[in-house]
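The letters A, B, C and D name the chains in turn, as written, and every chain counts its residues from 1.
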Amino acid sequence: MINIGVIGYGYWGPNLVRNFRALDGAKVISVCDRDKEALERVKKEYDTVELLTDSRSITDSPKIDAVVIATPVSTHFELAKRSLENGKHIFVEKPFTSNQKEAESLIALAEKKKLKIMVDHTFLFTPAIKKIKEIIDNDMLGQLYYYDSTRVNLGLFQHDVNVIWDLAPHDFSGMDYLIKEKPTAIVATGSGHFHRDLEDIAYITVYFDSNIIAHFNVNWMSPVKIRTTLIGGEKKMLVWNDLETDEKIKIYDKGVKIDNAESMYKLLVEYRSGDMWAPRLEHVEALKTETKYFLDCIRDNTVPINDGHAGLRVVRMLEAADKSLKKNGSLVKL
Amino acid sequence: MINIGVIGYGYWGPNLVRNFRALDGAKVISVCDRDKEALERVKKEYDTVELLTDSRSITDSPKIDAVVIATPVSTHFELAKRSLENGKHIFVEKPFTSNQKEAESLIALAEKKKLKIMVDHTFLFTPAIKKIKEIIDNDMLGQLYYYDSTRVNLGLFQHDVNVIWDLAPHDFSGMDYLIKEKPTAIVATGSGHFHRDLEDIAYITVYFDSNIIAHFNVNWMSPVKIRTTLIGGEKKMLVWNDLETDEKIKIYDKGVKIDNAESMYKLLVEYRSGDMWAPRLEHVEALKTETKYFLDCIRDNTVPINDGHAGLRVVRMLEAADKSLKKNGSLVKL
Amino acid sequence: MINIGVIGYGYWGPNLVRNFRALDGAKVISVCDRDKEALERVKKEYDTVELLTDSRSITDSPKIDAVVIATPVSTHFELAKRSLENGKHIFVEKPFTSNQKEAESLIALAEKKKLKIMVDHTFLFTPAIKKIKEIIDNDMLGQLYYYDSTRVNLGLFQHDVNVIWDLAPHDFSGMDYLIKEKPTAIVATGSGHFHRDLEDIAYITVYFDSNIIAHFNVNWMSPVKIRTTLIGGEKKMLVWNDLETDEKIKIYDKGVKIDNAESMYKLLVEYRSGDMWAPRLEHVEALKTETKYFLDCIRDNTVPINDGHAGLRVVRMLEAADKSLKKNGSLVKL
Amino acid sequence: MINIGVIGYGYWGPNLVRNFRALDGAKVISVCDRDKEALERVKKEYDTVELLTDSRSITDSPKIDAVVIATPVSTHFELAKRSLENGKHIFVEKPFTSNQKEAESLIALAEKKKLKIMVDHTFLFTPAIKKIKEIIDNDMLGQLYYYDSTRVNLGLFQHDVNVIWDLAPHDFSGMDYLIKEKPTAIVATGSGHFHRDLEDIAYITVYFDSNIIAHFNVNWMSPVKIRTTLIGGEKKMLVWNDLETDEKIKIYDKGVKIDNAESMYKLLVEYRSGDMWAPRLEHVEALKTETKYFLDCIRDNTVPINDGHAGLRVVRMLEAADKSLKKNGSLVKL
C-alpha cells in the first residue's frame, strides 16, 4: 500500500484525490491546503482523509510514501525538494518548476535518493495522444514535416504567469512525447491586452535540425475554446480536434497525384485530396491511467515517460519561448 | 460600353472572363495566352471572343478600354505599365507586383494618366468579409485585440514563389481592409520541405502600435483545406470558417463574469462562456460583385477600396515577411 | 434527513447512488441487487453502505424513507407497490410501468398514502430541455408545428422489450413536458432484424387535435449515435443536437420573405434563410438536479413535473405505439 | 449532332440549357416558355438560341431530335406524348407523370416508336450516390437493414402538389436505384399547416418482403436545410450528409463485440463503436454527367438506368404514399 499526501486542493487537486483514492494499492491519507474552504470541500467528499494546513505535515511525515504537489508553480521547487529529502516520491503538477536550474537540481536529488519524479503531463495519457503515438510509431504519417497546435480559450487573468506558462506546457509535453528529435531553437511573439507585461496571446515557432517545424498558438482572449493540432507527414496528415465528441482524430490521405495544370486547378476548388479515416478512441479518463502508472513505476522501479527529464525539457522550452517573446521574436537557441 | 482585354487564361482567367462577360456595360473582346490549349478552351466556351498570343495586341490595342492581367506576378509590372501607358485601366491579379518599387511606379503612372488600378483582392467582395466589415464598423466586437488567420491546403510545388507570396495576399488584404490601424513590424518563421529555399510553411506575426496583434499561418503541406480566421475584441469574438456551408461566421459573447475561484474552475471545463450568433450570409459570387465594382469605379471615377495603394500595402507586408523569414524571425519594421 | 434505499445496481444504479449520496439532507443507507458482483462494486466505492440481496429488506425496512427502483420495467409494479404500502416515497426508473393499469393503480395508492412518486425522466432535467422549455414558454418559436426526434445507436439485444420501450420513453417524456396539448392518436411502423418479433427499428407519428405533428425515429442498429430533435414553429425553428459539445441548441429565424419566383429560386440553393442563434447552456449533470428536486418535492410536499401521471402518459403512448406497430401502422387512438 | 428543344425555363431549365449546351454532339436550338421574362433571361445568356412561347413549335418541329421537358408535372404527359408521337426522344423532369397510367402509356408509346425516355433523377448522377452504389454493390455494408432519409427545408407554398410529390421523388429514386429488392407496401402520415389539405410535412415508411425497411421524412417547414440519409447493413452503416462540404459520406464499422454487462454499459456512454471512414468524392456537377449520359443512351441505343420504368416506379410510390397519407397511415400495397 502506497500512502499518499496531497498538497493543494484548488482546481486540479480534487481530480487527483478522486483518482488516487480509486486505485487499488494506494491510500490518500492527508490533504493539505492553506484555504479552509478547500479543506471543507475535502471533508464533505471524503470523511476519512486527514486535513492539514501546513505542508510540512505532509513532506516531513513518516506515514507518507509519495507526495502529490498541486500548488502554483512558484512553490513546486521548495515542496518537491523537501519531499525528496524526506524520502518521498513526488507527483508534481506541470510545469515542473519555474526554471531549468530548479528542475536539474530536483532530478539530481531524486537520482541520489533513488526516488521517482513524475510530472503531471496528463495530456500524454489521453486516449487521443496514445492513439497518435501509435500512428506515428507505426510510420503511418511517414517522415514528419510539422506539428501545429492551437489552444485558445478564456484565460484566468489573476495569474502570475503569462499565457505561455499557463497553456503551452500541455502542447510542449505532447510534442516532446510524439516527436523523437529534439528542438534546437525557438522564436516567440505575442501581446498583452490587460497588462502590457503579462502576455495573453503568444505564437511560438520551434525549429529542429531537420526540417520539421513546430508551431504553438496560445491565446487567453477567446470566449470559445479551440483545441486543434495538425501533424503533417510525408504520407498522411493528422488533425486532432480535442473538442469533437466522436471524431477527435482524423487522418487524411494525400490521395491525388498532381501531374498537370488541369489536376492542379481541380485541386484548388476541392476540399481534400484523399480519403479520411477516423479511428475510434477509448473513453478513459487520462488521469486514471496516469495515477495508476505512477504507482506502477514506483512498484516496478521503472522510469516514467513523464519523468523529471521530460519536465525539464518542457521548462527549457518555456524559458526559451519567454525570452524570445520579450525580444519580439529573436531566435533563442535551446 | 467598356471593352475589355484579358491577358492570361490559366486557373483564374476563366472566372474573370465569365464574370466580365455577364455584366451589362462591358464586353470581353479579346483574350491572350501563350498557351494554345488555353485559347482552345476560350474558343469552345465563347465563339465570339478574339484569341491572341501576343500581349501587345491587347495592351496596345486602340479598341481596348481596360486590361485584365491574370498572369504570374513576375510579369505584372511590365504588362500593367504598358497598359497604363496606352491609356487603359487595369485590373491586376494579386499580389499586385513583385516588390514595392514596381507598385509605387504603377500608382504614380496611373495617377498621372488619370486611370484606375484595381488589384484583384477578391476576398474583400465575399459576403463573409462584407458582413465582418459591417460587424466591426458597427463596433459589435469592441476594441480589436487580435486577427488570427489559418490558411492550409495542398500547395502547388512548381511555383516560383514561396507559400507566403502564394497564400498570404488573401489574408493580408483582408486584414488591411478590416483593421483601420496600419501595421508597424513583422516577424516570420517557416520551413521548406521539398526545396529548402522555397518555404512551404510559414508563420507570420504582425505588430501594430496599439496592442492589436495579427498572425497568419500559411501551409501548403496539407491534404485537407483549413480556412479559419479569429477576430477577437474587447466585447465579442468572431470565428470565420470559410469552409462551413451555412455557418461561416460565428460571433461569441463573453457572457460570464469570472469573479471567484469557483466560476473560474467552472469555466475551465466548459466549451464557451456566452451565447453564439451566426448571421445569414448572401450567396453571391465575390468576383461578380468585384467585376461590376470595377466598371462602376471607372464610370463614376471613384477610388476602389482595392486600388493600387491597397495593392502596395499588401506587397509591402509580403516583402517584409519574406525578409524576416530568411532571418529566422528577426523583426522587420514596415 | 431522508434515508434512501436503492434497488438495482446495474447500468443506471451507480449514477443514482452517487448523486443521492452527494446531496445534503439525504443518506443512501442500503443498496440491493441479486447480483453479488454488483454489490462488490458498491462496496469498493462506498464502504459504509449496507448491501442487500432481498428487495424486501428495503421495501419493508422501517429505516427507509424513500425507495429508488432501478430494476427492469417488469419488476417496477411489484417493488413500487410494496414500497408505497410500507409508506415509502418512490423514485422509479422510466418507463414507469409495463402498462397503464399498473401505473394507474400505483398513482391511486400513492395518493391514498400521501406519498410522492417520481418517475426518472432524467431528460427533463438536462440543461438543454430546460432551455428549450424556457424558449417555448417565452413564445420565441410561435405556435408549434412539429416535434421531430431521432434517437439512433447500437442497441442491446438481450432486452426483453423492443426498441420503442427502450428508447422512446426519453423522447415521449420530453414531448409531454414541452408541448402543453395532449396527443390524440398514434401510428407506428417498424421492423425487427435479429428477432422478427422484437422490433429494433421503429417510426412513430403522434397526432394532436390541432395540426401539431410529432414524429419519433428510434433505431438500435447503428454503430454511431444520433440524437437530434427538431421543433418547428410559426416564427422560428429549433434544432437540438445532443451530441454536439458546444452548440447543442440552435435556433433559426425564418428570415426571408418569399414573394416572387426569383426569391424562391434563390432560396432553393441556399442553406438557410435567416440568422441562427445558439444559446449557451450550463454544464450540470441532469441527475444531480433531479435527485435534489426529489428531496425538495418530499420536503415541500409539491407535485413533481415528473410525477406518476407524467409516467402514465408516457406508458400510454408506449402501449399505443406498440399496438399500432403490430398492425403495420393502423391508427391507435389515445 | 443531336438537336435539342427545351420546354420550360423556370428554376431548373437554365441548368439544363447550360449543361446540354456545353456538351459535344448536342445543340440547344430552341427554348420555349410562356413567360416573356424567362425568355429574356435566355436571350441575355445565349444570343443564338431560338425563343418560343408555343410548345408545339418544339414538340412538332422537324429540326428537333430530343425534347427536354422542364414544366410542372401536370403538363408532362401531354408534352411528352406529343414529343414521342413526333419521333423525339424525351428528357423529363421528375416526377415523371402525375399518375401511373400516364407513365405506363408513355412507356408503351416510346417502346413502339423506339425512342428513349430519360426521367431527370439527377440525384443518381451525384458523386455521392455513385460512390454509395459502388459501396453497396461491393457488399461493404453487408445485407441491408434500413434506408432512412430526411429532407427538410423551407418549402414553396404556391405549389399545387404536397410535400411528398415535391421532395420525395429525389429520395424514392435514390432508394430505387440503390436497393435491388422492390418495395411491397407503404404507410404515410403527415400534416398541413398552411392549408389543411396540402401536407407540408410527411413521414413515409416503405416495407419490403425481406426485413429491409425504408423511411422518408420530408418537411417544408424548416428555415434550415437538412439532407441526411442513413443506410444500415449487417456489417457497416453509412451516413450521407449532403450538406457537408468535405465529408458527405461516412462509413462506420460496428467495431466492438458486446459480450457482457460491462461492455454494454461502456457502449452506452460512447459515441460510436468502431472506426469511421470518409471516402473522397469527385467534384462534378451531376447534371453534366446525366446530360452526357442522355446523349450516349440515344447514340448507343442503351437503356438508361433512369428510364420510363424507373420513373414509373417512383410515381407508383408517390401515389401509394399519398393514398396512405389521406387515410392517416393505413397500409397501401404496391
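Keep this in mind: a contact is a pair of C-beta atoms (placed from the backbone, for glycine too) under 8 Å apart; a residue touches a chain by one contact, two chains touch by 3 or more.
Source: prediction; values computed, not measured.
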_B-C or A-B - the one linked by more C-beta pairs in contact_ = A-B
*Compared with chain B, which chain's mean CA position is the farthest off?*
C
*Distance from the CA centroid of chain B to that of chain D, rounded to the nearest Å?*
40
*Distance from the mean Cα position of chain B to that of chain A, given in whole angstrom*: 38
*asked:* How many angstrom lie between the centres of chain B and chain C, each centre taken as the mean Cα position?
replied: 52
_If I count partner chains per residue in chain C, which residues reach a count of at least 2?_
224-225, 243, 245-246, 253, 255, 270-274, 276
*Mind listing the chain B positions that touch chain A in their complex?*
10-11, 145-146, 148, 150, 152, 154, 156-157, 185, 187, 189-193, 196, 201, 203, 205, 207, 211-213, 215, 217, 219, 221-226, 230, 232, 236-237, 239, 243, 250, 252-255, 258, 261, 264-265, 267-268, 270-274, 276, 324, 328-331
*If you look only at chain C, which of its residues touch chain A in the complex?*
224-225, 243-246
*Spell out the part of chain A that touches chain D in their complex, as residue ranges.*
245-247, 253, 255, 266, 269-280, 283
